[in-house]
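Only one structure is covered here, and it is reproduced in the block below.
Chain lettering (A, B and C) follows the sequence in which the chains are written, and residue indices restart at 1 in each chain.
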Amino acid sequence: MPESVIRIGIITVSDRASRGEYQDLGGPAIHAWLTQALSIPWQALTRVIADEQAVIESTLRDLSDKERCCLIVTTGGTGPARRDVTPEATEAVCDKILDGFGEQMRAVSLNYVPTAILSRQIAGIRGQSLIVNLPGKPSAIADCLNAVFPAVPYCIDLLEGPYLQTHEQVIKVFRPAHAKKPG
Amino acid sequence: MPESVIRIGIITVSDRASRGEYQDLGGPAIHAWLTQALSIPWQALTRVIADEQAVIESTLRDLSDKERCCLIVTTGGTGPARRDVTPEATEAVCDKILDGFGEQMRAVSLNYVPTAILSRQIAGIRGQSLIVNLPGKPSAIADCLNAVFPAVPYCIDLLEGPYLQTHEQVIKVFRPAHAKKPG
Amino acid sequence: MPESVIRIGIITVSDRASRGEYQDLGGPAIHAWLTQALSIPWQALTRVIADEQAVIESTLRDLSDKERCCLIVTTGGTGPARRDVTPEATEAVCDKILDGFGEQMRAVSLNYVPTAILSRQIAGIRGQSLIVNLPGKPSAIADCLNAVFPAVPYCIDLLEGPYLQTHEQVIKVFRPAHAKKPG
């Protein structure tokens, strides 16, 4: 386990936000959620980029391979429109796809809106990084993080990454009994 | 938005129905459901074809690219048997797959039969057309349309297609607050 | 339909079990579940192999093509870790993937642990064999088999395989009304 500080990538994928025509709300919503949830020191690496598959891919590769983020979260670009290509970029850079994340985020979002089935958000593994697509809408971001984050720290353990811990009263993480905290 | 009438493709995929050995029940069931649900003028383009992947693909391409259907619904050919190839054909012609449709149709069908998990039905986007696979069984068709149709009009909005409207007492569609009816 | 005895493959995928460093618990748990559930004579073909994609693929091919197993069940290797490659091997050898199995097994496992979303277990068809990935943990094996097995016999019917029957008080299988027992 690295001694260095835990690094988490936050990528806003939005043509308008990347051109400054629109205030990025998704990235700050993710940052605020993580700040409230995590009880360990961590550092955010934030990016605001256009809905271009090649740009999303290179940003994901950079944050994973070079910046060594154990977790990379994206917001935006997961719908059915022509410019929505975040899942395509995520799938292209990942070694493994974890279908359960998308399934559960859609199932939870269906409690709020029937259009949740239009979301193509996925999650996957690249090297030692877990990449999770979140929706663009800030309120839906918290719903999705509340739904999947309990499984995130143990997933990062299995990738031999840093040991994430949270404030239990904010979000309870789950690790199987045999998964002990390292020395 | 085109001024012309809204066109919806209905494809029955069945070896026996295409040879006339069997009355097509799936196509008429879809037609009846849409007639009852839609409150706007629309035109059905119906096809009855064999379980041949190349034929299904060319029919989907024709109804999407040439006939400009905003929605194409298939019935049949989604099971695990050797001749069931509708999802393969759908995936081959689509630019994007919307996993949420299949997940929700199976989840709803599981309330009726445990064999719902054998259905491989998917949905996806080709150009400006939303393509949705439905099961072959007429009673299951209505269950699936009731489950996913609330999200269909907004999906077609996002593809810059025509503005679909329904009789609210039959089926309520959902559009986010920011999605307004065009002029 | 073959007159010969029904054959079911049980594959334990585990580096440590295959080297004898660890007692295989998953394979015997599957065997015990099937013994209790099935009311017809059947024969188990068991294998314990390493987490090597090529080895898993060749074992699946052998049990399907040569040994003519109508059902092949695996345990282990479905997580997000680097050595977990059972779903990759399964997908590589299958003609069709049945997404409903993975969805339902994860949905059921989510009732027990939020880390169920980390499981990548899938099911698919190779020739006349249904292949189902189960988790490595013995207690989760029964939960998953209880969830999906009601659909397994009818799936094997659709593949023109043998007619599986169970003790109804242990597990109830479902076949549509038109699916009759062959002569």
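In this text, a residue touches a chain if its C-beta (ideal position, glycine included) is under 8 Å from a C-beta of that chain, and two chains touch if they have at least 3 such contacts.
Predicted model only: the values in this text are computed from it and were never measured.
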Practice problem: Could you check if the interface between copies subunit A and subunit B is built from the same residues on both sides, meaning over half shared, or from different ones? | Solution: different
Exercise. To the nearest 5 degrees, please report the angle of the rotation taking subunit B's Cα atoms onto subunit C.
Key: 120
Quiz prompt | Centre-of-Cα separation between subunit B and subunit A, whole angstrom | solution = 32
Self-check item: subunit C: positions in contact with at least two other chains
Solution: 99, 103, 107
Quiz prompt | In the complex with subunit B, residue positions of subunit C that touch it | solution = 96-101, 103-104, 107, 125, 130, 148, 150-151, 154-155, 158-159, 174-176
Quiz prompt | Residues on subunit A engaged by subunit B in the complex (per definition of touch) | solution = 79-82, 84, 88, 99, 102-103, 106-107, 110, 113-120
